[in-house]
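Chain lettering (A, B and C) follows the sequence in which the chains are written, and residue indices restart at 1 in each chain.
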Amino acid sequence: MKTIDLLIIGGGPAGLAAAVAAWESGVRDLLILEREESLGGILKQCIHNGFGLQRFGEELTGPEYAQRYIDQAMALGVPYQCNTMVLDVTADRVVTAISPTEGLQQFQAKAIILAMGCRERPRGALGIPGWRCAGIYSAGTAQRFVNLEGFLPGKKVVILGSGDIGLIMARRMTFEGCEVKACVELMPYSSGLKRNIVQCLDDYGIPLMLNHTVVDISGRERLEGVTIAEVGPDRKPIPGTEQYIECDTLLLSVGLIPENELSNAAGVAISPATSGPVVDETLATSVPGIFAAGNVLHVHDLVDFVSEESARAGVQAARYVLEGQSAQGQAVQVEQGFGVNGIVPQQVHVGQVDAPIRFMFRPRDVYKAARICVDIDGAEVLRGKPHMIMAPGEMAVLEVGPEVFAGHENAQKITVRLEVKG
Amino acid sequence: METRYLTCIGCPMGCQLTVEVENGAMVSVTGNTCKKGKEYAEHEVSAPTRMVTSVLTVEGSAEPLSVKTAQAIPKEKIFDCLREIRKAKMKTPISIGDVVVHDVCGTGVDVIATRNL
Amino acid sequence: MVRDVIIVGAGVVGCAIARELSRWDLDILVVDQASDVAEGGCTKANTAIVHGGYDAKEGTLKAKYNVEGNGMFDQLCVELEVPFERNGSLVVAFEGDDLSQLEVLRKRGETNGVPGLKVLSEAELREKEPHVGSTARGALWVPTGAIVCPYELTIALAENAVENGARFQLDTAVTGIRREGEVWLVETAAGETLEAKAVVNAAGYQSGKFNNMVTAEKLDILPRRGEYYMIDKSYAGVFHSAMFQLPSDKGKGILVARTVDGSILIGPTAEDIDDPTDTRTTAEGLDKALTFARKTWEDMPTRSFITTFAGVRPRPSTGDFKIGEPADAPFFFNAAGIESPGLTSAPAIGKDLAQRIAQRLNAGKKDNFNPNRKAIPKFRELSNEERAALIAQDPAFGRIVCRCETVTEGEIRAAIRRPLGARTLDGVKRRTRAGMGRCQSGFCSPRVVAILCEELGLDPTDITKFGGASKLLVGRIGEEGKA
């Protein structure tokens, strides 16, 4: 068994940003373990632009954004190992991994950063009735086939769900000469970014059918068509509204789930709201020395936020390694008030906040003229600036300075909530 | 006077813009929260442009090469641009930023590689 | 060329017969319309339960083969290296059920020869299964109840049959069976006529059709569809035993059962259908499965469903299996109308029919029959020492292709290289579990396609999900522009 100061599981945008930040904070004995053949994670297949506006102030594509971090890591000499799959993480931070070249390895790590990302929800999770034929893909799988392998999964496409990957693939398939017939969304609003709705659907006349879902799948061997129907306020199909759309491909963009199998193995507490680890303001999980960042923690919309968050995890993990401790004392729970879902962090060590805390969450619904407010023990301590619109598809962020917590060392509860005008 | 409704894409806010247009030029815009919205609306009603990203197959590599237009190009030239990209012949090794198509479709914009291959 | 035996149908019954027949010095050919063994709607999609035998009516063939078959599983699964677990079954009676029916079932089972049956009180039941629903009032305990993976067993039987000389011809739909002189002629959709001294009809939902081509002892197959949900393996520990519901006038009840791989199966519904190939799932069926299953499992985690599917049970019009040689069709052997408990009965049917066929053909036993089949190493179940050794031996075992089920490239290559190796995405899936986990092949399908291409010398556009027109990819990017 090798001992190591810091092990970073995942070499995508989260793992890279965390590794760079940890290195810059003084940790040298660290290693990124990446399961794929090269670093960069899911960004490698996200060939569209729109990355980096916040982080670099320019419009990069996914591979370019990833390369910036890869170059940075390489320039520093951050060690990494690809083709390496972590099989197990224990609560005392023993990590078991395999690779074709290194065989089976075991590490005893002082600290670990979980940066495994997320996966797409499959068809089975939705229970869509019909045939189990070829031609049904999650949008990300189709994206990989097209962008990284150079193959077309089909020609006539219907997209279920208006998540960003689905929207991006609508344009991508259009560019490859496919006919994208519709993007069908169960909810009354899209879960994708506005920009993607405009530039991936509207630009090409692809209808976004809100309040609709797929109710039947036709085709014994290869998909031949889908039946869609309007849904009522209960999200159940309304009889009589069915219509058949001929297609050979159904792409699913129906949500992402943080990949927390290893977190579970290590006994890390998971939040039902985010499906990711419960963390405090230092991104430390419930298991000492194990940190989490990026889409494994909660599903982000923008990689820029992933990088920012992961860099903080890198700094905090470095601090844990170098100072040998994490935040002490009783953590105060962060409660989800009105309109708030999937809050991160879920805990704050009120007495020890020495840097701004970024509260991130998803609005429960679409709200106009809303502002984010923070209460401590029921009394308002912060009113954020008003937002014209807030929606579940776009992560809400509120940065709260340490001064807000000063004098509240004995707080019992923090509440983050939305205040909506009218 | 014509009224057009746009969704601003300047940032994740996605402001709903109401734009008054006359003779292909913007007269007024409402609904924007910042100057990006105004710029976007002006641009979008007179000369809309888009970045184009795609992939092409390359000699010497099983993986395709991803590319982008170095700047946004006129929206109506997207499909012409894609045709030019498909026709491009590239050989490995390729670095990020290498020009794949010079001055694509007379736009003055190059198509460049977005990955190393 | 006149073969000794042609077996029509490569499901669990056909493969069990083939494997038993391969003990004898016979020239055996198994044909199936599908591109893989265990691909039909009966074998690949059922409850994966080795039934105790309390359910079948006394004196029926179902009762006989069920109890006999059940007893054969321990040895069979050791020989074939197929996971098998005698975790017992419970038939649970709920509030409002007629509890005395448990005793009726127990008595029937006893008559059928099922050992160890016991009626449990509510307290005894809850001690065994603390997560059972609040309205449960008692249960029948069936200690011989067990679980096995139906397609894994079928593939293992087929592989072992091949290792012992049997041959398989897949993608071969049988269109006619007739006798000419002393020979049976088996006509295929491709226009081929295969000849054999004896024919075995193990054709699942088509077994009635083939039976009726050759004998006056008519048999109709009344297909009955069953729909299922599968729940993620993180809930494997909720129930130890297979949880049946006491059949009542409201229906046979819905089973909640852990599989040998740890996933939880919920189903089946029972819907009579006209088209036996109609394995669609329906909103009503899936809804019904859940509604009933909630009696057993009240806090069923709906967020952890990973897939749904449907299978077809070939229900015989006679109500019982039809086994053996009809009086007016010599050397034609039925294993027809094999609905539940078909999986449990298959080993016993195989043994019995093989003996009868061998006797009729005056065949002698081989002295070199090898009953043992080596399974593909299951990386996920190995110790770290075994894993390290395996990777040292073949680095392909050091590369995980399916993250959810921890399946290595080495296992996938092995699945393709074996006798009757995988040729399709589903073929790989059933042999290795790659793609069966919670992401349902989202991550691994591109890799599996690439490996299939490498191993078989195919282009990605040739690869199918399960044969026929089930192609995964339709072309290459940029083809239109370049053409």
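Going forward, a contact is a pair of C-beta atoms (placed from the backbone, for glycine too) under 8 Å apart; a residue touches a chain by one contact, two chains touch by 3 or more.
Bear in mind the structure is a predicted one, so any value in this text is a computation, not a measurement.
K.L.:
Farthest from subunit A by Cα centre, which chain is it? Let me know.
P.N.:
Greatest centre separation from subunit A goes to chain C.
K.L.:
More C-beta pairs touching across which pair, B-C or A-B?
P.N.:
A-B
K.L.:
Hey, how far is the Cα centre of subunit A from the one of subunit C, in Å?
P.N.:
Using C-alpha averages as centres, the distance is 38 Å.
K.L.:
Return the distance between the CA-based centres of subunit B and subunit C, expressed in whole Å.
P.N.:
Each chain reduced to its C-alpha mean, subunit B and subunit C end up 54 Å apart.
K.L.:
What whole-Å value do you get for the distance between subunit A and subunit B if each is reduced to the mean of its CA atoms?
P.N.:
The separation of the two C-alpha centroids amounts to 26 Å.
K.L.:
Touching at least two other chains at once: which residues of subunit B meet that condition?
P.N.:
Correct list: 55, 57, 64, 82.
K.L.:
Residues of subunit A that contact two or more other chains, please.
P.N.:
As it turns out, subunit A has residues touching two or more other chains at 146, 148-150.
K.L.:
Which subunit C residues reach two or more other chains?
P.N.:
Expected reply: 476-478, 480-481.
K.L.:
Which subunit A residues qualify as touching subunit B in the complex?
P.N.:
Contact set of subunit A toward subunit B: 44, 47-49, 53, 59, 61, 63-64, 67, 146-150, 175, 193-195, 197-199, 202-203, 301-302, 387-389, 394.
K.L.:
Touching subunit A in the complex: which residues of subunit B?
P.N.:
On the subunit B side, the touching residues are 6-9, 11-16, 33, 50-55, 57, 62-64, 66, 68, 75, 82, 96, 114-116.
K.L.:
In their complex, what parts of subunit C are in touch with subunit A?
P.N.:
229-230, 234, 277, 279-283, 285-286, 303, 305-309, 384, 387-388, 391-392, 395-400, 403-404, 406, 438-443, 445-446, 450, 460-461, 464-466, 468-478, 480-481
K.L.:
If we count contacts the way the header does, which residues on subunit B are in touch with subunit C in the complex?
P.N.:
Residues in contact with subunit C: 55-57, 64, 82-83, 86-87.
K.L.:
Which of the residues in subunit C end up touching subunit B in this complex?
P.N.:
476-478, 480-482
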